[in-house]
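Heads up, the next two complexes both have chain A, just with different partners, chain B and then chain C.
Right, the complex of A and B next:
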């Protein structure tokens, strides 16, 4: 019984939140890693790209809700998601045409492109705030819970409750589907293969007749889709606030770098590593240990390694360690 | 003869100047920033008292009072100091009604009020730290210190038989001060605080904070935060994960927004905020006459703060801060005739006649210790999704 209680408490407060957060980070990191692999620069505007896509989705969600359209138990935002992705694609393609293409033709060094992306970040930042404002927006509707803590306690008779929010379920399912589609696209389709070829060796790809502008365009489109999906899932599960999305840049980059920049598999692994480290290091283990330990060994204190204020510090430290000892990341991406 | 003429002319000039004198009082509140929805009513409350006094024509032989507004921003100490500096040096205010938030109030006090020797009465700064701030007797407040609220909170919880709680507070002067005073009061009375953890406002997700609170355990979760900010986020995450079912809310959390956000999900939760059932509150509402919301938090306190400045001036017979600062406690406390909102003219008459008054005002003002309100609290419980009064203490 004690063991089951410990397991439920662990799932409720560590496993489920970390898996959800990890999925959201992984989708974000996939976007960063694709841009790094194919366009060869670190896109600092990624957090704000997510915010922009989410904002378009929210606006369409409100419009659909006002028209009386609903998805029943699922959030209306899923219906608005394709429109949000289209909006985000439009933004990224326009940005590429106006800004990045100029530097690509100059064959600018990656470090210049990084600074350029920072400028783009500030513009997008302002654009989002200008349109939807800097405040919190909640747009989740439909069923809130798959399992509530009270129902779970009643059904099982355990002391600990297990809650599974509908948005957590949706996040995990969507992430799995999106990742599967992405890998199928990269490994099985002609366009996907040409993208990988372009990433591996630009000159060789050009020699074999791959049109670089097309590859760039497809990359931006996929990145827009990934960013919007990641942003909407995060917003549904937590809440949408432009500044929070800007801050997500740090854990997302940490995920991509830990996994190995330019390596999609690494981005996913990195997302989960960062999420699990953030949650487990700032979690107070007292409750779980009290269930598991024999009486005399039960801890008095909270058994919390770091206060929750230091959540972001965890990403930073992991980032530092990886850059110091294994700059290519776990999955041997490109060196930063 | 010539001398006499000049003397009388000078006297006439002086008399004329004295009767038509205008006194400026600063109203420094966060008209922009985190409490910008509260400050218009607060300023209106203070200005109502000034208008009442000016209209009566009884302050120091017909002196009129003009309010001068300035923005404290609530959070930016630099901007608040500059605004207060302007009030004192360029507008020449003789007293300051404000500031609002504890952090900027402390900054204005030490940077402007004390160096320039200007009386300052805050309607809403509640940090216990201000009780011991160096003020040369210039600083007062019509809001109680959170040290008092901490004790009231501890009493309420223990009376209900709650022996252990988890505590989380918003990471600023207000939250930290309240959390510390509650913790020491509660533990002194035999309660146990399992964890005292800060939370940052404005985050999207509080599940990690709630996980730590849940792990520490406790019969109830005390949330010393803001209802428009992280406080609601914490409550939401705690309810969602089933970590806590009932909560205890201090003043920053109690508002119509709390009912709107959670409704009957938090039935059985308790709380307290400054409030009184004295007849002054009703009289103040009548006096405001619908021009602004007289029940909005800290609005009655603002009226009282402005009234105290002017009554103290009358009692001292001077608008000089160094003189009238000594009279603030006298007019606020017994003995004397009780003064309610709308009776400022009568109070000025009594003071002019050399009689004592006991200013009760809209919030049953009683200044104690270093010049702060003794504090009356309304104890509440959430019943069927509504904030309902249990009693006043």
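Right, the complex of A and C next:
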């Protein structure tokens, strides 16, 4: 019984939040890794791309809500999501046309592109703050919980409750679907294969008649979709605040690098590694340990390794360890 | 000759803009812009040393600036005796234990052959050391933070003159840069960027949360000043006599006296650093740095130790940022960790360096003054512009209200636009590298 209680507490406070957060990070990291693989630079504007896509989705959500449209138990944001993705695609394609294409034609060094992406980051950040403001926005509606702690306790008779928020369920399901679609696209379709070929060897891909501008266009479109989905899921689960999305850049980059930049599978693994380490290291383990330890050994303190404010430090330390011992990441990424 | 005229003209233009602010808005604003512009110029010299001379991509400027601010508290505030008695030694012992743990792990990593045994020994050392460190540190922290938390609750500083804090800020930042450089330099350029971005966030997180160190988000206010307080000046009959004989109002005169005093202090530091950076650029060392930047492989083949030179210039550049951070905190008179934002303290400095001209010290200084001026003035200009644009709309129009409320965010947009335009049409900046 104690063991079951410990297990439930563990799932409630560690496993479910970490899986949710990990899915969000993985989707974000997939975008970073795709850009790195195909356009060959680290995109500092990715966090703000997520914020922009989410903002468009939020605006459409409000509009739909004001029109009286609802999805019943599901959040209205899901209905607005395709519109948000379209808005984000438009923004990224315009950015590429106006900004990045020039440097691509010049064959600029990757670090120049990183600096250019810093400029884009400023503009997107300003745009988002200009349109929706710098404050917290909540836009989740529909059912709040799939399973509430009280129902769970009543049904199982355990001391510990297990709550599953609707947004957590949606995040996990959406992430699985999106990742499956992405891999199907990359592995099975002609365009996906040409993208992979371009990422593996640019010259060879050009020789075999692949149109680079087309590949780049598809990449931006996929990245826009991934970024918007990741951003909306994160916003539904927590809340939307432009500055927080900017800060997400760090764990997202950590995920992509830990997994191996340019490797989609690595990005997913990296996302979960970072999420699990952040949650486990900043969680107060007392709640789980009281069930597992014999009474005299029960811990007095919270058994929290680090306070939650240091979650950036966790992703960073993992990043450093991986970089020091395996510079190309866990799954072999590419090095430009 | 032509070039010199153009450069002098550019500096004169920025000077004229600041003077215009003085005439149009107020001299107070103008001198404030000048002071922060001078500090920004010092930060830009530091970043220019790293990026312009050596091609190192450091986006952790904010962290080093914040460390400089921390140095001001640690150097100039009086020590809190009760806190030291309550748990100061315990905290010091805890920190030493933490450092010893890491040192032991590094030694084990170097001395033992790569094997499963080494991994186990290292994990035992690190995990055991961590719990030992927390076990020693935590009670000390609790005891210190319990000492009069409303006004102190931290260990305080050394009570030394505040000007001494400036070099200390440089040293503190240099120490952090050494740690970062040792681990992250030698990685690829964008990995270094991510690593420095992370370090900066960690430094801010530590400063926000470790209340025993500098009161965290409760801020340290009332830092000692190198210049007299305005109120003392106003009560000093000699000062009042002097300014009234010049026909000035004592209150305005005292604030201007203090602000211009800071300007002179900052200008002296800036000129010294600028001179040093110019000498470095012209010296064989500077030529070597640029050779490494332009072609690492060739420089290495010529027998230059690329990693060591990178570490060196990374430390020097970060130290300059730390110095500037200490100067800024002195000017503010308070340490507020919550105000350190990467967009303002890292990326804006980058805009300054790139707009001014990376690789050219005068360019960095010019870029810093110009961009800082724009950063301050874009907000009122944007507000005015929006007022003009929306003047046809009714005052109750929600769009008009939203636009006017959002005018404050114009500055990020403008900075991004300036950066992109300069990168596209004049990638070498206003004053290009020679």
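Following the convention adopted for this analysis, the second predicted complex is superposed on the first by the 335 of 336 C-alpha atoms of A that agree within 3 Å, B and C clash if a C-alpha of one lies under 4 Å from a C-alpha of the other, contacts with A are read in each partner's own complex, and residues count from 1 in each chain.
Keep in mind that, in the parts below, a residue touches a chain if its C-beta (ideal position, glycine included) is under 8 Å from a C-beta of that chain, and two chains touch if they have at least 3 such contacts.
All figures in this text were calculated on a predicted structure; none of them were measured in a lab.
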First, second, both or neither for A:238, with chain B first and chain C second: first
Touched partner set for A:287, first chain B, second chain C, both or neither: first
Touching partner for A:310 - first (chain B), second (chain C), both, neither: second
Partner chain(s) touched by A:250 [first = chain B, second = chain C, both, neither]: second
Touched partner set for A:184, first chain B, second chain C, both or neither: neither
Partner chain(s) touched by A:153 [first = chain B, second = chain C, both, neither]: first
Which of chain B and chain C A:69 touches, first, second, both or neither: neither
Contacts of A:123 with chain B and chain C, given as first, second, both or neither: second
Chain A positions touched by chain B in one structure and by chain C in the second: 243, 307, 309
Complex contacts: residues of chain B adjacent to chain A: 171, 195, 197-200, 202-205, 207-212, 214-217, 240-243
In the complex with chain C, residue positions of chain A that touch it: 41-42, 44, 99, 102, 110-112, 114-116, 118-127, 129-131, 133-134, 243, 246-247, 249-250, 253-254, 257, 305, 307, 309-310, 312-313, 315-316, 319-320, 323-324, 327, 335-336
Contact set on chain C toward chain A in their complex: 55, 57, 130, 183-184, 187-191, 193-195, 197-199, 201-202, 205, 208-209, 341-343, 347, 350-351, 354, 405-406, 409-417, 419-420, 423-424, 427
Complex contact set, residues of chain A against chain B: 9, 12-14, 17, 21, 136, 144-145, 148-150, 152-153, 161-163, 165, 234-235, 237-241, 243-244, 278-279, 282-288, 302, 304, 307-309, 311
